Every structure is written in C-alpha cells, then in structure tokens.
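In the part that follows, the structures are each spelled out as structure tokens.
What follows is a pair of complexes built around chain A, which joins chain B in one and chain C in the other.
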Partner chain A sequence: MFKKVLCNPQAVIGLVLIAVVLAAAVMAPMLAPHDPEAVDVTRKFAEPGKEYPLGTDQLGRCELSRLLYGARYSIGMSLPTLLVLSVIGLVLGCLSACSGKAVDRIFITVCDIFISFPSLIIAAAVIGVLGNGMQNIVIAIIISMWAWFTRMIRSYAVAEMGRDYILAARISGCSTFQIIVRHLIPNIMSQFLVYVSTGVASAILMVSGFSFLNLGLSAGAAEWGAMLNEARSSLYSHPELLIYPGACILITSAGFNLFGEALRDIIEPEEGQ
Partner chain B sequence: MSAYLRKRLLSFFIVLAGVSILSFLLITFSNTDPAEVIARRNYSGATEEMIEQVRIEMGLDKPMAKRYFDWLGGLFSGDMGISLYSFRPIREDFAAYFPTTLALTGLSLIWIVVISLPVGLLCARFKDGIFDHLTRGFTLLGICLPTFWLGFLLLIAFAVRLPIFSVVPAPGLKGLLLPSFTLAVPVICAFIRLFRSSLLGELNRDYVVYARARGLSPRRILLHHVMRNALPPIIILFCQYLGYMIAGGAVVEKVFSLSGIGSYLISSVLAADSNAVATCIVIIASVFVISNLVGDIASRLLCPWMVRETNV
Partner chain C sequence: MLEAINLYKSYPAAGQKGKGTNAVNGVDLVLEDRMTYALVGESGSGKSTLSKMLTGLLPPTSGDVLLDGKSIFSLGRKESRLRFTQMQMVLQDSKSALDPRFTVYDSIAEPIRNLLNVPKQRERQMVAELMNKMELPDSLMNRRPNELSGGQQKRVCIARAISVSPQLVIFDEAMSGLDVIVRKSILELLKRLQEESGFTYLFITHDIDVALYIADHILVMKEGKLVERVCYTGSIECFKHPYSRMLLDSLLPEYLGQNA
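Moving on to the complex of A and B:
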C-alpha cells in the first residue's frame, strides 16, 4: 500500500504539496522575516526586496510573513474539523447501517434535513448566534458537513454489511459492536481515508470563503481569505496582493485533492479509468 | 412509479418540515430580542414595560408552537415580517435582491450545460487522448480553486489588463457574464468528471457490445444509447447544485459588487438581523429540497428501468 502510493506520481505531488504547507504552518515563526501583524504605514506597498521578499500590503505588513502564518489558520482549523467529522461520521454511519430499518430511516431523514442547508448558510447561522471566533468556524463546518460524512460512511458500511464475511462473523457469535470495530471499520477504512482527504480540501476552501466574507475572524487576521478581502481595494494598483493568497489556498486544497484522488485510483483501480 | 412517488413525496414533506423548524429555531436561539430592538427604535429610552408591551403586540409571548405556525403561515402568504436592521418588510428586500440572483444562477446554469455536456462526451469518446488528459488536469484544478480568487483573476485579466468588462458591474447581461462564469466553473469541473465516469461506466455494459455487434457507429451508440443512461446522476447533481449556487453566489456577488440574495444574507448576519436571516435560510433551503425532488423524479422518468439506491 505504502509502496503503491510512492509509485503514483499524482500521490507524490499531492504529498509534497501537503508537506510544504504543513512545514510552513509549523515553522512559520522561524521562516517569517517579520511579525505578520506588525503595521508600518510608512512602508505600505513596499516593492519586493531584500527586507520584504514579497513586498508589503496596504498597512505595511510583510506579505510573506502573513502568507506563512496564514497556513496556520487553514491547517489549524481544517484538520481538527476533519478529526471530529471522522469520529462523528464513523460512529453514526456504522450505527445507522447496523441498526434496524426504522432507526436507519430516522438517521437518513435527519441527514437529509441538514444537507438541505448550504454550508455558507450554516456558517452564517452559527456565527450569527455564537459570534466570531475560530472555534465557531470549526463548529459551523462540522454542522454543515457531518451529514455528508454520515451518509457517505453509511453507504460504504451498507455495501460492506452485505458481504459474506460479516455473515460468517455473525454466525460465529460476534456481537454487533465487535463486528463494527473489528470487521466493518477496518474494511471501509481505505474508502473512508479517500473521503477524508478530499474533505480536508473542501474544509480549507470553506474556511477561506467564510473569512473572505468577514464571517468568523476578527479584522486584520492573517488568513488567506481575509487577506484577499483586504486586498480587494488594490485591484488596480497592486493586483499581486490578490494573487498570492489565492495561490496559497489553491496549493493547499490541490495537495489534499490530488492525494485523495490518487489514493482512490490505488484502492479502486477500475473506477475513474 | 407511483409507489416510489408516494415514498419520495412523504420524505420530501418531512424534510421540508424539518428545514422550516430548524430555521425557525434560529430566530429563537439568536442573541437579539426582536421586541427589544423594535421597542428601542420606536421609543428612545424604552423601559422594560415598553419592551414587554411590544412583545405582546408582536405576539412574541405566545407559545413557541403557535409562533412557528404563525411564521409559517406568514411565509406562505408572502408576509415575512420586517427586518430588524432596516425595519423594512423583508418581502420588499427580497423583491429588490432576487432578480440579480435569478439572472446570475440562470446564466451559470446555461454555462454549465453548454460547456460540461459536450466536453464530457468528447472525453468519453476519445478516452486517454490528449484532450481527455488535458481536461482531467483542468477539472482537477477547477475543483480546488477558490471561486472568489478565480473571480479576481478574471477581473484582473479582463477588466484591468484588457478593459473588456468593467470592475463595477455594468447593467444588463454583460455585467453578469464574468460573475456567472466564475460561479459556474467549479460546478462545470465537477460535472465533467462525473459525466465522463458515468459515460465510461455505461460504455462497459452489455447493451453497448450488442449495439456495436449490430454495426452501429461508436458516435451513434454514445449519443443515442449511452448518453441517456448516463444522464440521471448528472441531473440529480445538477438539481443539488441549484440550491447551493444561490447561497454560494454570496462570494461571487462580493467579488463583482453585485447585490443578490447571498450578499443580503451575509449583510443580515453581520447586522444580527435574525428575522431576515431565518427567512433567507428557509427559502434557500426549500429551493434546494424542491429542486432535489424535481431532479430525482426527472431522472426516474428518463430512466424508469433503473432501480437505484436513492435512499427512499
């Protein structure tokens, strides 16, 4: 499995991109030449040079430092979100697949109701009620995506529950709990990982989209979406300030998407060909 | 079919009821007290008694279930209450913002159909050719793109460098070309990928071998036999995206300085206007539920022989 991943060029490119962004997030304080929040109005829109490798923004803040710290927001919010989503999805999805028809129906209906609200609407509602804050963005993404995760994992689990080995396990006296933990989850793990990987990409796009709309983060945060929003006014004079943050978002989400897709090709070779 | 329809309609109404209840609960859970906001606007230095009186006048002291049905009845009769921020009837705001959203979404849907269907067919017809590989790369890029960034890139390219369009929205169709294209790109990419794999899945079926044995040309098989069977997943996804595009339009509207329902929703959230937020939410979610129903039924009508796991 691991060797197959290393032999797949798409997976390697994805992993490299993920590693670069992770490194930027972890080592931001060491790599950044300046404090990302340090305002110096006398040096606004400085040209790229030795001191400011990518120049400065409209408040004289170092663009490169802000981009590096921005990785912390994206990674720092999307990875915990996905962790919580994975747990919720696995627990509810497997329960729904293994319980009786009536319970299953209730699960599906509740999921359908939550899926009917576009993620932006849920973010708007959660932040409207709970107020600004990083943890509220995370809560908003969890509320908007848990139903997708549950439904997806349920469909994997339902397909797997029809297999003979589950029947064999049941005949040999396994309890439902044992079947879920020892047989079902290990067997849907690979499909699940593919879904999680592409899920990280969509969570990153959501985070930046929300902060672009001023939802959730306080003004001046060095988040890529928020930086794009602030750079809007310099569309004519300094379009490069609009290009950098978007490129960072693209690299990050492309990394997770490329990796996830390659993983899918490795796991299910016939599909997508 | 009728058994399917009954079940599908039942779940439709249950989901719709759930959606409206959740949206209504949002008003009650929000931090703003409508009675207080309105009392403070009408009387400077409103006392507790005045607030209480406004609460009774507005019927906010009634039990929750009664208020829910009043609110629901209001929605159906077109009386959506007043905005807690502008103090105008929400219906007027909707009438002002809705045409932009409708035009934006409609134009995006045209882009989607016109681009993704032919490209998907070409990819499936010439699988593993240069065009197919290029498309695969571009569509992968397209689903990773943040829409707002794409919007800015288009603005930089076509409004700043080559002044074909203006940054401030031009009236009429021309002003909507770039925004609708921006909104459509991620959807187009998702569609091409799904349509291609759906077509390729159908091409492996036995009836294709039979049609080929009968001497039909590959083009004819693709256009007349395979395409029809490959459409249902696309139709279902198409209808799912409809609801999302109305809300997702908020981002695009902000980039291109348009004012539609999406940006109205965001400005209502930022102004803590729970009445307007709940109305926006229930309407957008209902559009989603209804278009989903239409999609499911349409794909059933198109391919009645397909027994699919539609979760019904």
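Moving on to the complex of A and C:
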C-alpha cells in the first residue's frame, strides 16, 4: 500500500504539497522573519527585499510571516474539525446503517434537512449567535458538514452490511456492536480515509471563505482568507497581495485533493480484487 | 431436533400494497438428529428463504421454528445469539463469507470467542484441531482469504461452522461453484465428520447429484412448497412427483444408469 502511494505521481505531488504546508505551520515561529501582526505603517507596501522577502501589506506587516502563520490557522482549524466530523460520521453513519428501516429513514431525513441548508447560511447563523472566534468557526463547519459525512459513511456502511461476511459474523454470534467495531469500521476505513482527505480541502476552503467574509476571526488575523479580503482594496496597485494567500489556499487544498483522489485510485482496484 | 411449523414468508410486491409473492408457502419440516437432509429445487423456489428462517435470520410472515421444542423467534437477545451454538450455516460464496481483513485463525476463532467461554490457550488448541480436521495446513493460519484457493476458503468456512460443535449445520448452496474434485473431497470429509461428531446436515442445493450423493432424506421444493419428501436409499425410483422426475432428468445419463 505504502509502496503503491510512492509509485503514484499524483499521490506523491499531493503528499509533497501537504508536507510543505505542514512544515510551514509547524515551523512558522522559526521561519518567519517578523511578528505576523506587528504593524509598521511607515513601511507599508514595501517591495520584496532582504528584510521583507515578500514585501509588506497595507499596514506594513511582513507578508511572508503572515503566510507562514496563516498555515497554522488553516491546518489548526481544519484538522480538528475533520477529526470531530469523522467521529460523528462514523458513529451516526454506522448506527443508521445497522438500525432498522424506520430509524435509518429518520437519520436520512434529518441529514437531508441539514444538507439542504447552504453552509454559508449555517455559518452566518452560528457566528451570529455565538460570536467571533476560532472555535465558533469550527462549530459552524461541523454543523454544516456533519450531515454530508454521516450520509457518505452510511452509504459505505449499507453497501458493506449487505456482504456475506457480515451475515457470517451474525451467525458466529457477534452482537451489532461487535459487527460495527470488528467488521464494519475496519472494512470501510479505506474509503472513509479517501473521503476525509478530500474533506480536508473543503474544510480549508470553508475556513478561508468564512474569514474572507469577515465571519469568525478577529480583524487583522493572519489567516489566508482574511488576508485576501484585506488585500482587495489594493487589487489594482498591489495584486501580489491577493496572489500570495490565494496561491497558499490553492496549494493546500490541491495537495489534499490530489492525495485523496490518488488514494481512491489506489484503494478502489485493491478493494475489487 | 429442529421443527418448522407451517412456515410462510411473503415479500411485498413493488408498488402494490397488500399484494405480495409467497416465497415460502406453508412448509412443515422436522429435522431429526444425526441425519443428512437435502432440500432441492430450482433457483427461486424459496430454498434460501426457508434456510434463513430455519436459522432465525429471517422472521417468517407466519409459522414458527422450534429448536428442541423452543421457538427460536421468542428468545431473548442473549439466548438468541446462543442459538448459534446449536445451529450453524455455511454460506454459498466462501470468499465473500470471510472478512477480507481477518486471518484464517481469526475467522475460525470468532464463533469460539463469541459463543464459548474458553481461555485463549484452549481457543488456540481448538482452532489447530479444526484446521487439522479440515485438512488445512498450519501454514495457512495467518493467511487472509484472498491468499487461499476456493476449496481452502470453503474448508475455513466449514471449520468456522463446526467450531462450536453445533447439532445442525445448514449448507446454503455451499457446494456450488466448486470444481468436482474439490467438491467430492469436501463431501467425503463432511461424511467422516458426521460419523465422528454426529452432526445433522441440511444441504440446500439445486444440484440434485449432490443431494443423491450425500443425503438420506431428500426434500423437493417447488414454488415455496415441499412437493415431495423421500427417504433415499440409493434408488431414484422412489421419486414419484413429476417435478422431482424433471430434476432427475437433468442428470447425465451415466449417473442415472448407476443409480437406477
């Protein structure tokens, strides 16, 4: 499996991009030449140079430092979100698939209701009620995405529940809980990981999208979406200030998407064997 | 002893409320201990539905199944699981009946862990004995199903089914899809095991030659009903129903010559 990942160019490119972003997030304090929030209006829109490798923004803050710290926001918010979503999705999805027709129908209907609301509306409502803050963005994303995760995992679980080895497990005396833990979850894990890895990209885009709309993070936070928003005012004079955070969002989400899709290509033929 | 009383199972027809198809249509059946039964019939005659109801995996529309005089549909949750110490089932497709992530050892040990309260060491010993009985080499113990041949997969499934020493083992089309040499060796092995351990077998099959080879009671099923029950003693003359004769006509002439 690991060998197959290394032999797949798409997976390798994805992994390299993810590694770059992760390294930037982890090593931001060491790599950043300046404090990302230190304002120095006398040096606003400074040209790239030795002191400021990518120049400064409209408030004289070091662009490179802000981009490096921005990776912390994106990764630091999307990964815990995905972790919570995975737990919710696995628990509810498997329960829905294993319970009777009526309970399953109720789960599906509740999921459909949540899916029918655009995530932006849910985020606006949650942040409107709970106020600004990183954890509130995470809550908003969880509320808008849990139903997608649950539906998807339920569909994997339903397909797996129809297989003979689940029936054989029942005949072998397994309880429903044992069937879920010993047979169902390990067998849907590969498909589930593919879904999660592409889900990271959506979560990163949502975090950036919400901060671009000033939903959630406090003003001046070094988050890529918020940086894009602030740079809009200087679109014509300093377009590079939009290109840098935009490229970072693109690289991160492309990395996770490329890796996720390559993983699917690797896993699916294996499952079919 | 397993007894089926007036079993009915109907499936609702799509889009037609109140109407349905009777997959099993009033079946009465008694399976005596230490006997070998075969339930034959064409595809769609209700054999598999009947076998699932006999094991309690599918509730009947009406009727009951008694295991040693006790209804298997009125058992509590724990008792309901424990009924599998008395009856086991071997499914048709051995490859998909084995969890692809389980080793041979884990697959065979699963019913022992769930249904018998034995220490780990005894479990290991039981699995080794079962593999030996099923003529599976010890080297396969840590292999996964995709590393086994079709015959080996079938033997693992049988080992798993007999691991809890059930009274009754139901083979749901379990001999189909095997090549004739493997099938014969497995049937021989099953005969030997029955002599040693006194299992009752019920073979659900559409291959009447399997039924003639192994069973001492043959039940013929057509459109959800048992149309003939024959105590088979080696001569096909005892089959009287036209449908049974039709099934026998499908056999190769030399086979009929041997048995006539």
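The rule is simple: the second predicted complex is superposed on the first by the 268 of 273 C-alpha atoms of A that agree within 3 Å, B and C clash if a C-alpha of one lies under 4 Å from a C-alpha of the other, contacts with A are read in each partner's own complex, and residues count from 1 in each chain.
FYI, a contact is a pair of C-beta atoms (placed from the backbone, for glycine too) under 8 Å apart; a residue touches a chain by one contact, two chains touch by 3 or more.
Quick caveat: nothing in here was measured; it's all calculated off a predicted structure.
Trainee: So, A:164: does it touch chain B (first), chain C (second), both, or neither?
Mentor: second
Trainee: By residue count, is chain A touched more by chain B or by chain C?
Mentor: If we count touched residues of chain A for both partners, the winner is B.
Trainee: For A:42, using the defined touch cut-off, is the partner it touches chain B, chain C, both, or neither? Pick first, second, both or neither.
Mentor: In the superposition, A:42 touches no partner, neither chain B nor chain C.
Trainee: Output check: A:174 vs chain B and chain C. Expected answer is one of first, second, both, neither. What do you get?
Mentor: In the superposition, A:174 contacts chain C only.
Trainee: Go through the superposed model and pick first if A:209 touches only chain B, second if only chain C, both, or neither.
Mentor: A:209 sits against chain B, while chain C stays out of touch.
Trainee: What part of chain A is shared between its chain B contacts and its chain C contacts?
Mentor: 273
Trainee: For chain A, which residues count as touching chain B in their complex?
Mentor: Result: residues 108-110, 112-113, 116-118, 120-121, 124-125, 127-129, 131, 151, 155, 201, 205, 208-209, 212-215, 225, 228, 232, 235-236, 239, 242-243, 245-247, 249-250, 253-254, 257-258, 261, 271-273 of chain A touch chain B.
Trainee: Can you name the residues of chain A that touch chain C in the complex?
Mentor: Touch list, chain A to chain C: 163-165, 167-175, 178, 183, 186-187, 273.
Trainee: Which residues of chain C touch chain A once you look at their complex with the stated criterion?
Mentor: Where chain C meets chain A, its residues are 55, 57, 81-82, 84-85, 88-89, 91-93, 96-101, 110-111, 114-115, 146, 157, 160-161, 164.
Trainee: Which residues, counting only chain B, touch chain A once they are in their complex?
Mentor: 11, 14-15, 18-19, 22, 26, 29-31, 140-141, 143-149, 152-153, 155-156, 160, 167, 197, 200, 243-244, 246-248, 250-251, 254-255, 262, 265-266, 269-270, 272, 274, 277, 280-281, 284-285, 288-289, 292, 309, 311
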